[in-house]
Every structure is written in C-alpha cells, then in structure tokens.
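Presented sequentially are two complexes of chain A, the first with chain B as partner and the second with chain C.
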Partner chain A sequence: MDPAVPEGLWDILPARAQKRRALEGRLRTAFEARDYGEVISPSFEFYDNLAVETGTALRGEMVRFMGTDGRLLALRPEMTTSIARVVAQRLAREDEPHRLYYIANVFREHSSKQGQPREFWQAGVERIGGGSPDDDAEIVLLFIETLLAAGLKDFKVGLGRIDFLGRVLDKLELGGEEKDSLRAALAGRNLVRYEEIVKRLDLDEATTADLLLLPGLSGGAQVLDRAEALGERRGGSEVLAGLRQVYEALAAAGAADRVILDLGIVRDFDYYTGIIFEAYTPALGAVLGGGGRYDNLLAEFGYDAPAAGFALGLERLESALAQGGGGR
Partner chain B sequence: MDPAVPEGLWDILPARAQKRRALEGRLRTAFEARDYGEVISPSFEFYDNLAVETGTALRGEMVRFMGTDGRLLALRPEMTTSIARVVAQRLAREDEPHRLYYIANVFREHSSKQGQPREFWQAGVERIGGGSPDDDAEIVLLFIETLLAAGLKDFKVGLGRIDFLGRVLDKLELGGEEKDSLRAALAGRNLVRYEEIVKRLDLDEATTADLLLLPGLSGGAQVLDRAEALGERRGGSEVLAGLRQVYEALAAAGAADRVILDLGIVRDFDYYTGIIFEAYTPALGAVLGGGGRYDNLLAEFGYDAPAAGFALGLERLESALAQGGGGR
Partner chain C sequence: MSKLKIAVSKGSLLEPVIRQLSDVGFDTAPLSDPGRRLRLETADAEYVICRATDVPTFVEWGAVDIGFVGSDTLMEGDYDIFELLDLGIGACRFVLAGRADASGGAQAALRENGPRRIATKYPKVAADYLERCGRQAEIIKLYGSMELAPLVGLADEIVDLTATGRTLADNGLVELDEIAPVSCRLIANYVSYKIKSATINELVERLRNND
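Take a look at the complex of A and B:
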C-alpha cells in the first residue's frame, strides 16, 4: 500500500505539533482572560444546519456524505454556524451574553486542487447577546489581544461595516446579480474588476464616482469624515455613526494604531450584518483571519439574539510567525 | 432550522471542555515523560490505506465519501493505521525507535443507532521499532502510568498474547469460519457462546477440554504454569515464554499488582501479532482501552518494523473518573 495522503492534507510531526500546542495554549489564555469558555462540537452535522447562512461559495465546498440514517451530513466548513446551533439548542437566555471559543479543524473540498487545504485549523470566539458599539469594540480588542498573545507584532486590523456597502447598493436599485458581482470583486480585493463592473453599470456620473470612492475609503479616523458625505448622499450615515463609536472605544483602549478603517472590506460569509474586520501582516499575502457581527444567524435556529465573533487560521498564523511576523 | 445534532454525536460545553483539556494535559505529560512526541494527522485519508488491516467489522463502520478527485476517502476509525502510514511515509529508519502519541477524534458509522458514538476521542501511543519483551513491558508500563496520570486509581490491566490462541487453533485444523466464531465469542467475552461453539465442533474429549480451559486462564503468575501444559500439548510454549519475560519485567518495575494475565483476551483489530492488553475498572462496564504488538502492519506500507502501542477512550476515561474510578 502506498503510504500517501490525499492532496490538500498534511501531517504535523512532533516538532511542529509541540509548537502548535504551545500556540493553542497562548490563544486559550487570551480567550479565557476575557472569560470565554471552550466548546467542542461534532466534526460533522446535518448539512441543512451547516448550510443555513454560509453563502453559496462555501456551500459548494462542503464535504457531504449520507448517514446510515439516510440524512445528508457534512463536515463543518467553519465553526460559527455550529456554535450558533449549540447556543440555540443548549444554552439559556438568562445566561447571556454567552462568551464561547473554539480551537477546531474545519473542512473544505475544492474542485481544483491547487494547494488549497481540505482540512485546516481555526481558533475563534463567538459572543452571543449584546449588540452595542462597546460589544463590537470588545470583540475587536480581543482579536488584537489574541494576535499579540500568539506572538505576532507586525499586524494591522482592517475594520469596516458590511452594511455600509449594503445601504449604498440598496439605494441604487441594482439587480441582485450586479450587487453580488460588485461584492465579489471587493471581497477578492480585485479593484480592477470592481471598476470594470461599476463602469459597465452605466449609471449617472455622480453615482459612478461615488461607487468608485468606496474601495479607497481606507485609513485613520478621517476616513469616517470622508465617508460622511457619501453616506448622506447614498444612505448609511447611521452605520457610519455606529462605526465611529466602535473606533472611539478602540482608541480609548489604546488600540487605534492597530486599526485601519476600511469601508471596502467584504468578507466571504453571508451572515455578517454589521462591523467586519480582518487582520493583515506584511509577512503573509493572505488575510490571517477576521470576523464581524452577525445579528440574524441565531434566529435561523429559533434563538433571536445579536452576536459577533472572529476566527483565525492557525496555519496562517504559524506561517506569519515563521516568516518574521513576530519579529518586529 | 431545528437546532439538533445527528444521533451519536455530542457537544462538549465549557465546564466539561475545561475538564477534558485538563485530562488531555495530564495524558500529554505522561507520554512526553517517556519521550513520546505528538503527531497530528488528517481526519480523513485514502480508504484503501485506512482499511489495510483494520478488520472486517471496523471496515464496515467507516464513514466513506468520494473526493472531488474521484478517490474513495474515509474518516479515520482509529489512529494506529494512520500513524503507521505517517512513519512509513515520513520518518527515517535511523531514528528508530519512533515514539509517537496522539490525542485525536475517530469516527465510526453504525447501522443500528443504539447510542453508539459516531465520533469519539482517543489518546494513545505507538512505538515503532524494537520487538523485545522489554519493549513490550515499556508499552504496558506506559499504559499503566497513563491511567494513573489520568487520575484513575481502581483499575487492572489484562495481559495476554493474541498468538497463543492462534497457535492452539492452528493445530486443530479448524475452518476459518470456525476459528473466527471462536475468536469473536472470546472478543465479546461471551463465554456461554464460546462453550456452545466448542461443543458443536465435535472434537475429541481431550481437545474439547483444552479449548474450554482457555477463557479460564486468567490470574497471576501461576496462570503461566497452568498454561504451560496446554501450550506443550497444543502449541504456543515459546509464546508463553515471551509473555513470562514481559510479566517479569513488569513485576520488576513494581507493576505486578496491576496486571492480570489472561490468555483468553482477544481484541477487535486484525493487526495484533503478540502481546495484547486491556484496562478494566469496576466503575465502567466497558473496556477503557487497550493495545498490543502489531509487527506486520508497518510492512503493509513498505516499512518493515516491529511495533506496539495502545489507545484509551477519553469519554470512557471521563465516565470512569466521574463514577468514582479515581476515588479509591
């Protein structure tokens, strides 16, 4: 028998496993310092539950199989939906907010096998209950604390609001497909493609100019001032006001130098409704992880509560640390 | 969407998760004290590799699915075969013996859903290279140390040789099916059924008497003396001599009071070739875990080396600890 593993899967041998467990220990310490408790959930669940709000792309990447009970099952492609299901199924409202964390493997199947991992590890938190700007700030602060605890020094956190783009697009009465392609171009940070799509929409000059402003709304507090006029013209002023409160809470906690406000951020998941954020480090070409607010996901399981959280990729964190991201 | 998990799966909430991680930490300490290093391997692999020597029963319980590359994949039903594959694929002969451990989830699918877990956790070790009685004793000692480190006080380890039964049965020229049914009855500790099968075989009186002796060959060092005559009549004397050496090494290490010699032990896996052992505690109706020597498994992956190891079920360990197994 040929001793080999399928493409996209890796073994972690003792020297690396020891470092991995040490990294996990540092992450646990950061999570538990803010009173988050661990949840260990099953690796596979009912496909319908996992698919509830994960977005089309991720749904297509799930590893599916039929259980002996004739139910369609899938390996979890991420943990947020499982934690939402756990809360709705097992936890009591009077104990809110529920502060939960996980360090778990997730699974994705790709039709093209170009080095994409089919199994990888994520560490993350979910805070169920509490939807104020201060609650948002708590999550972003913990995100920063977690990256620092991991040993990363040279990183920035991009912070935006998924619903700012939503409000602007809603006002334009574009078709669903057009909105989706704009979102996809932004999510992929493909600004050339974004400009192409905007220009092809054949909108009036002022609207085109406003849409082209969006991806450039990135930087310090002054971004909010620049966005204000756009928000007033196109909708989204109250979204900006909320974001300003979160930013001010972060600044008050001394974290302003870590944060880049960015109204062009779009993340891969459909369930986000408010703030969204991502971590970048020069040592790594990819996003280290990210998160945001998802106030509608829990209601899908019959437990209506605001929520926010984040996930970090352990392999990406390890790459960043190995490539000197911890060095400066 | 109904927040539920498929039968046979469970969530571990924070209070239990914290205890679980603490238990894992104690097991790690025990493994690492004897210089075992952790391996983290993929949750799924090529079905053909996982199925290589796991036995028909376990093969039927594997969760299988087709990869996008058209290869049949399966979630691992146990870890020993994966570790054997890792060693053959990635480790060098000159570094033998390889002392490896894992704390990992494994997956089994059952056609009848009677509370059997479809995902559960195992902690175990594999020692690749070294096939002497002292090497056997090292593994059994570490098994005992691990149970003590877990916090268990009231337990015994049954120790036998899978090949003693094999030699005895080989001499009888029984059919494969008859041998398998005798083994299965012993593996299930179903002594009534074992006696039925033996009597139905219609052998001469002396042979029938000898076979009926087997399940009763259980106890202290005197078991080896009682088995000796049987071994000489039916084959297996040198197997008994090897077992005596292991027992003496364990006694010299002060572990004799933990060990019950038992020549009727049969374990569920096909790959065992020499010593086999299991842990029992009065607090639990089921075996806590076990292991043995498997000198032919590595050769299936083109890396011919003797090997031995064990696995403990974390959920069973937790039940035993919760039910007072740690109390005496």
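Take a look at the complex of A and C:
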C-alpha cells in the first residue's frame, strides 16, 4: 500500500503536537476563567443544518457525503452553527446566558490559505443571550484576553459594524443591483472598482463624496466622529451610537489602544447582525480570527435569542507565535 | 513604525513605477540600478523586485505590505488582497484576435457559435470572457508567442494583451473584440492595510494627486 494522505491534510508529529496541546491548554484556561464551559459536538451533521444562513461561500466549501438513509451530511466548516443547534436543541430550558467554548477541527474544500488546509483547528466562544453594548464589549475583551493568553503581544483588534454600510445604502435611491455591486466590490476588497461604480452612479456631488469616504473610515476614536457626521447626513446614526457605547466600555476597561475602529470590515459570514471584529498581527499576513454578533441565527433552529462569539485559527496563532508575534 | 515593504515587478512596469514613487518623495536612487540584487533597502522603504505574476503572491502572504502590478495579473489569479488605486500607467488591453484572412471574414468567427480553439497565456481571463458572451471554446494554454497559434493551425483565435496592435498586425492578425482594459494597480496585504492604514492611505492620496 502506498502511504499517502489526501491533499491538504497534515499529520502533526510529537514536537509540534506537544506545543499545540500546550497552546490549547492556555486558551482553555482563559475561557474557563470567564465561566465558559466546553461543548464537544459531532464532526458531521445534516447538511441542511450546517448550511443554514452560513453564507454561500462556506456552503460551496463543505465536505459533503450521503448517510445510509440517503440524507445529505457534511463535515462542519465552522463551529458557530453547530453550537447554535446544540443550544436550541438541548439547552433551551436553562437560564441564559449560555457561555460555551470549543476547541475543534473544521473542514473546508478550499486550497490551503495561510495555515488553513482542508482540515484545520479553531478555538472560540459563543455567548447565547444578552444583546447589550456591554455584552458586546465582554466578548471583545475576552477576545483580547484570549490572544494575550495564547502568548501574543503585538496585535490589534479591528472593530466595526456589519450593518452600517447597509443603513447608508438603504437611504440612497439605488436599485438592488447597484447596491449589490457596491457591496461586492467592498467585500472583494476592490476599492478601484468601488470608486468606478460610485462615479458611474452619477449621484450629486455631496453623496458621491460621502460614498467615497466609506471604505476609509478606519482608525482611533476620531473615526467615530467622522462616521457620525456622515451618519447624520446618510443614516446609520443609531448603529454608530451602539458602536460608540461598545468602544467606551472597552476604553473604560483599558483596551482602547488595542482597538482599531474600522467601518470597512466585511467578514465572510452572512449571519452577522451587529458588531464584527478581527485580530491582526504584523507577524502574519492573514487575520488570526474574528467574530461578531449574530442575533438571527438561533431563531433558525426555533430558539430566538441574541448571541455573539468569536473563533481563532490555531495554526495561524502558532505561525504568528513562531514569527515573533509573541514579542522579542 | 517599521518601513513599508514594497514589491515591484521586473519588466516594463519597473521604470514608470519607480518614477511615480520618486515623484511622491520616495528615495528611489538605489532602485534605478539594482544590478542582480532582488532586495533593496532605502531610507524610507524595503523593496522586493520579482516577476509580475509573483507580486500578488508576495502581497497576499504578507511578505510585503504593498505591491505594484498590472491588472492583467490580478484578473488571471484569485488573490485575497486590497486593490487600492489605478495608477493609469502601463495601459493596454486584453483582446480576442484572429487571422485577418479568415474565410468569411475575421468577424465571422464571432457570429459562429460552434466550439472554437483559443490559445492564450491567460486561460482564466479567456474562460471568464467566453462565459460572459456565451461562446464555447477549447482553451489551449501557451507560455509565449501566442500570435503563432492561429498561423500554424494550433488555434482559431488568441486572447492576448495588446498596447498598439502592432504585433498583431505584423503577424496577420486582427482584433475581433475588446475584453478589458488593463493598467497598473497598487495592491495591499489585508493585514498591512488594516494595521498601517494611515501610512498606506497617505501614499494612495499622494499617488492619486501625482499627474
């Protein structure tokens, strides 16, 4: 027999496995210190459950196969949807909030992306119940604590709102197709195309100028002032008021210097409804992980509750630590 | 703040990109005569000089913060990077071209909907174009001298870049359709753009205002 594994799968040998388990231990300690309890859920589930609201990108990347009863099954491509299913099915009678964490392998049919081949590992939390700005701040603070516990020193957290762009676009008299093309250009990080589309729309000068400001709304607290001025003209003020409350709670906790406010963040999942955030380190060219608020996902499983959470990629954390992200 | 790391492509874009950087105040003197060196450090930046098709890869993986590359390379690949600015330099076009002496006239090929053979160095650009206009074709990947393919019967048409159309005309080919305009873009690594947004955005504005 030819010893071989399918493309995009790795064996982890003792030296590295030992480091991996040590890293997992540090993350576990950080989660449990904040009263999060571990959930171990099945590696595969019914495709229909995993495909709910998860966003088309991941739907196309799931490893699928047929069960003996002919139902379509899939390996989990991420953990948030599985945890939502677990809470709705098993924990509905218990008091909220549910504070849950996982350290688990996930599976995606994609070409390897910076330490994420077809099978890779994620550590994360989900907090089901509680939708206030303070609850948002709690999750972001735990995100920062977790990165510190991992051993990372040099990192920043980008924080934005998934719904700000939508509020601004909704107020403009644009067709659905035009809005979609603007959104697609931003999601594709193509600011050249975004600018071309904005200019082609032939709007009045002030509106064009405001739309061109949107992708550059990133930086410290003063970004909120700029965004709020724009929000008053274009809509989305209540979204920004919520973001300001979260930011102030983070600042009060001494975390302001970790945070980059950024209204241009678009994450690859359709289920987000409020704040979104992600972690960057100069030691790695890709995000370490991220998260956000997803208030509509649980209702898909018949249990209506606000929720927020995050996931970190273990391989990416390891590679950032190895590159000196742990400080010199 | 550490120095900006910049990838520039060898070849025809190198000189105009250096000129733009120099115009907006970068120290580019060591770049004008790099010799065999592939890495150069100046007072204000670190440079990597590589093949055009490798520029987006260096940027995507964060080996450099930003890069200058033709949009032809970006169209042919699938990179998770920020595309920040169209510099307007290195302008040319992707075209579909065929033999000027094709039976029934060159344009007959476009009206005929049977499967054709198209030779190109850019199979993804060709496939996207064919998909968009509903045509069917076998795509033959070549690494150079695409003009040869229709002349020796390897392919019916080619998808290639042209600036002036002279190479096409010299080989008895005519442009049948324009696929897309192409020019040099400033691209950035996702994380670099998030962490160094002030520095990078300032460069974007300086380059935008430099005519």
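The criterion applied here is as follows: the second predicted complex is superposed on the first by the 292 of 328 C-alpha atoms of A that agree within 3 Å, B and C clash if a C-alpha of one lies under 4 Å from a C-alpha of the other, contacts with A are read in each partner's own complex, and residues count from 1 in each chain.
In this text, a contact is a pair of C-beta atoms (placed from the backbone, for glycine too) under 8 Å apart; a residue touches a chain by one contact, two chains touch by 3 or more.
Please read all numbers here as calculations on a predicted model, not as lab measurements.
Participant: Should A:64 be classified as contacting the first partner (chain B), the second (chain C), both, or neither?
Facilitator: In the superposition, A:64 contacts chain B only.
Participant: Answer with first, second, both or neither: which of chain B and chain C does A:11 touch in the superposed model?
Facilitator: Once the two structures are laid over each other on A, A:11 reaches chain B alone.
Participant: Thinking of the overlay built on chain A, is A:38 touched by chain B (first), by chain C (second), by both, or by neither?
Facilitator: first
Participant: Thinking of the overlay built on chain A, is A:93 touched by chain B (first), by chain C (second), by both, or by neither?
Facilitator: Neither partner.
Participant: Please determine whether it is chain B or chain C that touches the greater number of chain A residues.
Facilitator: Greater contact footprint in residues on chain A: B.
Participant: Tell me the contact category for A:200 with respect to chain B and chain C: first, second, both or neither.
Facilitator: neither
Participant: Starting from the residues of chain A touching chain B, keep only those that also touch chain C in the other complex, and list them.
Facilitator: The overlap between the chain B and chain C interfaces on chain A comprises residues 113.
Participant: Mind listing the chain B positions that touch chain A in their complex?
Facilitator: 1-7, 9-15, 17-18, 20-21, 28, 37-46, 48-49, 52, 63-65, 67-69, 71, 73, 75, 85-86, 88-91, 100, 105, 107, 109-111, 113, 118-119, 300-303
Participant: Where on chain A does chain C make contact in their complex?
Facilitator: Listed in rising order, the residues are 113-114, 156, 158, 189-193, 216, 218-219, 260, 262, 280-282, 284-287.
Participant: Could you please specify the touching residues of chain C with respect to chain A in the complex?
Facilitator: Listed in rising order, the residues of chain C that touch chain A are 2, 60-63, 80-86, 185, 189-192, 194-195, 197-198, 201.
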